[in-house]
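Scrolling down, you'll hit the structures one after another.
There are two complexes below, and they share subunit A, which is joined by subunit B in the first and by subunit C in the second.
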Partner chain A sequence: MASKKILKLLVYLLFAVLVLMPLFVIFMLAISKTWNYPSLWPKWVDWGYYFRFLITNAEMQASLLSSMELAVGTVVLTILIAYPTAMALSYYDFKGKKLLNILVYLPMIIPSIAVLTNMDFIMIKYGLNGSFFGVVSAHTLFCLPYAIKLLYDNLILWKDKYEVTSRNLGATPLQTFFKVTIPLNKNGLQGAVMMSYIVSMTQYLGTLLIGDGNYITLSVRMFPFTTEGKYRIAAVYGITFMLVTLIPLYLIDVWVTHKGRKLA
Partner chain B sequence: MYHLDNISQQKGNTHILHGINLTIDENSIFAILGPSGSGKTTLLNILAGIDRPTDGKFLNEDGQVEKGIMVFQDYRLFPHMTVFKNITFGLKVKKTNSSELKQRAKDIMETMGISELIDRYPDELSGGQQQRVALARALILNLKLLLMDEPFSSLDEALRIEMLDFVKELQRKFQLTIVFVTHYKTEAYMLSNKVAILIDGQIMQVDAPKQLESNPQNLAVARFLGQANFIEGSLSNNDFVSPVYSGKVRTVTEKGVLYLPFSGQLQLNKTEYPAFKGNILEKKWMGSNLERITIEIDQKTVYCDLASESVDENKTYQFYFSKLPVVF
Partner chain C sequence: MLTKRKLILLLSPFCLFMLFFFFSALAKSLITSFGYYPLMGMEKLSLHYYTDALNDKVFLRIFFRTFIFALFSAGMACFIGTVLAFLFKRNDNPFTKPFFKLAQLPVMLPHIFIVLALIQLLSQTGLVSSLLTKIGIIHSYNSFPLLLNDQWQIGIILTYLWKEVPFVIVSLVLVLRQMDNRYRIVADNLGATKWQTFWKVSLPLLMPAIVNAFIINFSFNFGSYEVPYLLGNQTKEMLPVYIYDLYVQGDYTQLPMIMSLNLILSVFSIAFAGLVLWLSKHLPGGHTGGI
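So, the complex of A and B:
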C-alpha cells in the first residue's frame, strides 16, 4: 500500500517537474536582470521589470491587441462554421457524410505550409491577403477540425431528441437552439471555444503569410527574440502569452462549471 | 374527429407505412397496437408533426392539419432544467406572461401530485415522477390531442396499473383525445376501448379489444395477439382435415391454419360443434379461478383456459367448440 502511494507521488512529482519546470525557467528569465551560465540562479532579480515592460512597451501592447482581436474573430468564425457542421454530422444521415467527415480533418492531415501557400494564392486572387478576414479565415481553417470534433462528440450524446421535444412543445428553431441545444452542449462548446482560441493565439506561419506583416501578433513577435537569443524579452512575451490564454480559459471554465447543471 | 388520410412513409427504399386510413373520435383514448418495428412510432411522430409523411395528411374535424403534443417513451425531460422549467417550457416559448405561467404551473403540478418536486432536476426523479412531469409539461398547454409513445413500458407492474388509471382520469378531466402506441396488448385493452392493430406498416384491424380477441381478421393479427393454438391442416370447401380436428370450419383465408384461442373457443359443455377427445396432460393455475390445460390429441398438444377444477389430469374428455372454428 505504502509503496503504491510513493509510486503515485513520484509520478505526480515527475509530471509537475516536467510541466512546471519550463514555466519556472520562463518566469525566472522574465524577472532576472543577469542570469548567465554557469550560475544556477539569477544574480539580480527585478520584480517590476515585467510590469514596466507590459505598460510602457507599445509594440507589446499592439501585439497583445492584435492577437486577441484575431483570436476572438477566429473563435466566432470557427463556431459559426463548426456548429452547423457538427450538428449535421451528428443528427442527420445524408449522402457524402463520410466524405465530409474526412474533409473536416484535412487541415490536420495536409502539411500546413502546403495549405497556407495555396490559401495565400487564393487570398491574393480575391484581394483578402493582409486583411483581418483573410488572417481569421486562415486561423479558422486550423481550428475547425478540433472544434467540429469536440462539438460532434458532445452533440452525439443525445442526438436531436431534445430538440425534437422542444419543437413539439412549440419552440421555434432559434428558441430551440438557444434554450436547448447550447445549454445541453455547453461542455462541447467550451472545448471548441478554448481550442480555437489557443490555436489562433499560437498561429505563427498563417499570420505571417496571409497577414502580409499587417498583424504582428504575440507569437510572431516572440519568435525572432527566441531565435536571436533575447531570452528575457521572449520570456516576458511568453508570460503575457500564457496569461492572455489561460485567464479567458479559466473564466470560461468557471462559467461552464458554475452556471446551471453539470451535464455530460 | 381526427382523420388520418392515406398516410404513407418511406425512408430510402424502405416503406415504413402503407396508406394508413383511420378516424379517431375526439375525447377518447385510441390505442395503436403492434409488434416492434411495425411503424408505430413513425406514425405517432407524423401525428406529432415531428416527421413529415411522404404521402397523406393528418387532419382535424375542420379539415386542417393537426399536430399533437407527445409524451415520449423515455419522457425526454430537459436534463438541464428543473421540474418547474421543464413544465413551463411550452408556455415560456409562447411568451406567456409570468404570473399566468406561474399560476398554470401551480395548478397542473397540484393536479399531477408533483408540487413538491418543483426544484428537482430530472435525474433526481423516479420513473413514475418523470412520467407525471412529462404529462404536466404537455397538459399545461391546454392541448386537445395528447400522443403517448409506449407510455408505460419502462414502469414496473404496480406503477403501470396506477399510471393507467391516472391517465384515464386525466383524459376524463381534461376531455382529451389520447392516441398511444404500445406493443403490450393488455396495456392497450386496459386503457382503450378502440384498438388499431398495426403490422408491417399496415392497419390490419380496428376493433374493440373483445372483438379483436374473438374475431381477428387475419392470421397476422391472430399470431400477433398470441394466446392461441395454430393448427396446420388441409382445407377443401370449408372442410378442414388435421390430426387434432377434422370437420366443418369457417374459412377466412385459405392458408389452412386452424385458429383456436386459449380462452373462449374450447369448452366441455356440449354444443353443436364437437371438437376432439383429448387426454389432460397438465394443469397450471393462471389466477382468477382459471387453469391453463394442456390437452394431448393423437400426440399433438393443444392448450386451453378453463375454470379451475373443471378437469382432472390423466383423464380423457370430449371437448366442444363454442362456435364454428375459423381457418385462416
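So, the complex of A and C:
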C-alpha cells in the first residue's frame, strides 16, 4: 500500500512539473532582460518591465481589447443559440433528433482548416469578412458543440419537471426561467460560458482569416513575435493571456459556488 | 407545455445559424469544387478536380503522413490521459483535487503558449541543451538532437500531448465521478481480479467518453494549422499547412481545386469518426453504451 502511495506521489509530481514548467519558463522569459544560450538562468531580471509594457504599449492594449470584445460577443451569441438547442434536445422527442445530435458535432469533426477556408469564402460573399459579427460567428461555430453538450448533460438530469410544477403553481414564464431553470442549470451554464470564453480566446486561424487582420487578439499577436524570435515580447503577451483567462474564470467559479451555497 | 410551436422556436436559432454559416459554406464549396466558378468564367461542371487530387502523389503522401500523425498523437493522448484519470479518480487520495485543478490549466491556454515554452526549453540552443552542456553530457549545442521542426514531428506531438492529455483527464474525471461504484463492488464481490474488474467493468463504462475524446483530438490534430506551421518540418509538410498555403496564394483559378481538397478532407474525417464509433461498439462493453 505504501509503495502504491509513493508511486502516485511520483506520478503526481512528474505531472505537476510537466504542466507547470512551461508556465514558469514563460513567466521568467517575460521578466528577464537577457536570457540567452548557454545561461541556465536569466542574467538580469526586471520585475517592473512587464507592468510598464502593459501600461504603456498601445498595441498590447488594443490586443487586449479585441480579445475581450470577441470573447464576450462569442459567449453571448453561443449561449443564445446553444441554450434553446440544448432545451429542445433534452425536453422533446422529435423526428430527426438523432440527425440533429450528429449535426451539433460536425464543426468539431470536420478539420478546422476545411471549415475555415469554406467559411471565409462565404463570408466574403456576405460582406461579413473583417466585421465583428463575422469573426464572432466563426468563433461561435467552434464553441457550439461544447456549449450544447455541457448544457444538455445538465438539463437532461431534471428535464422540465420543475418548470411544469412552477408554472402550475402560478409562476409566469419569466419567473420560471429565472428562478427555476437558471438556478437548476447553473453548472451547465457555467461550463458552457467558460468553454466558449476559452475557445474564443485561443482561436488563431479563425480570427486572422475571417477578421482580415482587423482583430489582432492576444493569441494572434503572439504568432509573429514567436516566428521572428522575439520571445520576450511573445512571453509578455502570453502572461497577459493567462491573467485575463484565469482570473475571470476563477472569479466566475467562486461566484457560482458562493451563490450555490446561499441557495442550498 | 411542450408544444410543437415552442420546439420550432427553440430549434430555430441553431438551424438558422448553421444554415447561414455552415451549410451554405459547404454547399458553395461543393459547387465550386465541381468547377463552377462564374467569377472566373468557369461554368462547366466536372469531377476532374477530385480525380486530379486523388491521383496527385504529393497530396496523397501529405494526406497519409498527416493521418498517421493524427492517429498516433490522439491515441497517445487518450492512452496517457486514461491511465492518469484512473490513478487519480478516487476522492480518498490527497492528490486528487490538486491534480484535477492542475489538469484544467493546459486546457485553458492557447497552443502558441506551449509552443513558445517548448522553443525556449527544447530547441538546440534551449534550456535543456544548456543544462546538458553544463553537466557535460554533450559538448556543444550541435550535438543536442533536433526536437523542434524535425522530421518526426516530435515538437508538434509534444505540443498536442501537453494540451490533450489534460483534456482527456478532465473529460474522463467528470464521467468517473458520476460512475456507479456498485458495479465495481459487485465484480469484486463475485471474485473478479483487479485486472478483470478494470477490463470488464470500469473500462467499458468509460469507453464512450474515451472514444469521444479520441475523435475530438484526432480531428483537431488532423486539421489544425497553427502548430504544424510553427513547429513543422518543411520537407515533411502537414496537410493543413499545405491547404492554407494554397488558399492564401490568392490564385483564384486554384479555388475549385482547394475546395475539392477541403471536401475530401471533410468527408474523410466524418467517415473516420463514424468508423471509430462503429468499432467502439465492438470493443469491450460498447454495446451497452456505457453511461
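One rule holds in what follows: the second predicted complex is superposed on the first by the 259 of 264 C-alpha atoms of A that agree within 3 Å, B and C clash if a C-alpha of one lies under 4 Å from a C-alpha of the other, contacts with A are read in each partner's own complex, and residues count from 1 in each chain.
As a working rule, contacts are C-beta pairs under 8 Å (C-beta built on N, C-alpha and C of every residue); 3 or more make two chains touch, one makes a residue touch a chain.
Being a predicted model, the structure only gives us computed values, none of them experimental.
Q: Taking subunit A as the common reference for superposition, should the pair subunit B and subunit C be classed as clashing or as fitting?
A: Subunit B/subunit C on subunit A - fit side by side.
Q: Look at the residues of subunit A and decide whether subunit B or subunit C touches more of them.
A: Ranking subunit B and subunit C by residues of subunit A touched puts C first.
Q: Would you check which partner chain A:Gln61 touches, where first means subunit B only, second means subunit C only, and both and neither mean what they say?
A: In the superposed model, A:Gln61 contacts neither subunit B nor subunit C.
Q: Applying the touch criterion given at the start, work out whether A:Thr34 contacts subunit B, subunit C, both or neither, answering first, second, both or neither.
A: After superposition on chain A, A:Thr34 lies in contact with neither partner.
Q: Between subunit B (first) and subunit C (second), which does A:Asn101 come into contact with in this model arrangement: first, second, both, or neither?
A: A:Asn101: touches no partner chain.
Q: After lining up the shared chain so the two structures overlap, which partner does A:Asp160 touch, if you call subunit B first and subunit C second: first, second, both or neither?
A: Only subunit C is touched by A:Asp160; subunit B is not.
Q: Could you say whether A:Val25 touches subunit B, subunit C, both of them, or neither, answering first, second, both or neither?
A: Touch partner of A:Val25: subunit C, not subunit B.
Q: Please state, to the nearest 10 degrees, the angle that the Cα centres of subunit B and subunit C subtend at the Cα centre of subunit A after superposition.
A: Taking the centre of subunit A as apex, the angle works out to 90 degrees.
Q: Touch test for A:Gly170: subunit B only (first), subunit C only (second), both, or neither?
A: After superposing on A, A:Gly170 lies in contact with subunit B but is clear of subunit C.
Q: Once both structures are overlaid on their shared chain, how near does any Cα of subunit B get to a Cα of subunit C? Whole angstrom is fine.
A: Once the two complexes are overlaid, subunit B and subunit C approach no closer than 6 Å between C-alpha atoms.
Q: Identify the residues of subunit A that lie in both the subunit B contact region and the subunit C contact region.
A: 164, 167
Q: Spell out the residues on subunit C that touch subunit A in their complex, using ranges where they run on.
A: Within the complex, subunit C touches subunit A at residues 1-2, 7, 9-14, 17-18, 21-22, 24-26, 28-29, 32, 84, 87-88, 93, 95, 98-99, 102-103, 105-121, 125-127, 129-131, 133-134, 141, 162, 166, 215-216, 219-220, 222-226, 230, 239-240, 243-244, 247, 255, 258-259, 262-263, 265-266, 269-270, 273.
Q: Note which residues of subunit A are touching subunit C in the complex, please.
A: Contact set of subunit A toward subunit C: 8-9, 11-12, 15-16, 18-23, 25-26, 29, 36-40, 80-82, 84-85, 87-88, 91-92, 94, 100, 103-104, 106-115, 117-119, 121-122, 125, 137-138, 140-141, 144, 148, 160, 163-164, 167, 198, 201-202, 204-205, 219, 222-223, 226-227, 231, 234-235, 238, 241-242, 245-246, 249.
Q: Flag every residue of subunit B that touches subunit A in the complex, lowest number first.
A: Contact set of subunit B toward subunit A: 48-50, 67, 69-70, 72, 74, 76, 78-80, 89-90, 93-94, 121, 137-138, 141.
Q: Subunit B touches which residues of subunit A in the complex?
A: Within the complex, subunit A touches subunit B at residues 161-162, 164-172, 175, 179-180, 183-184, 260-261, 263.
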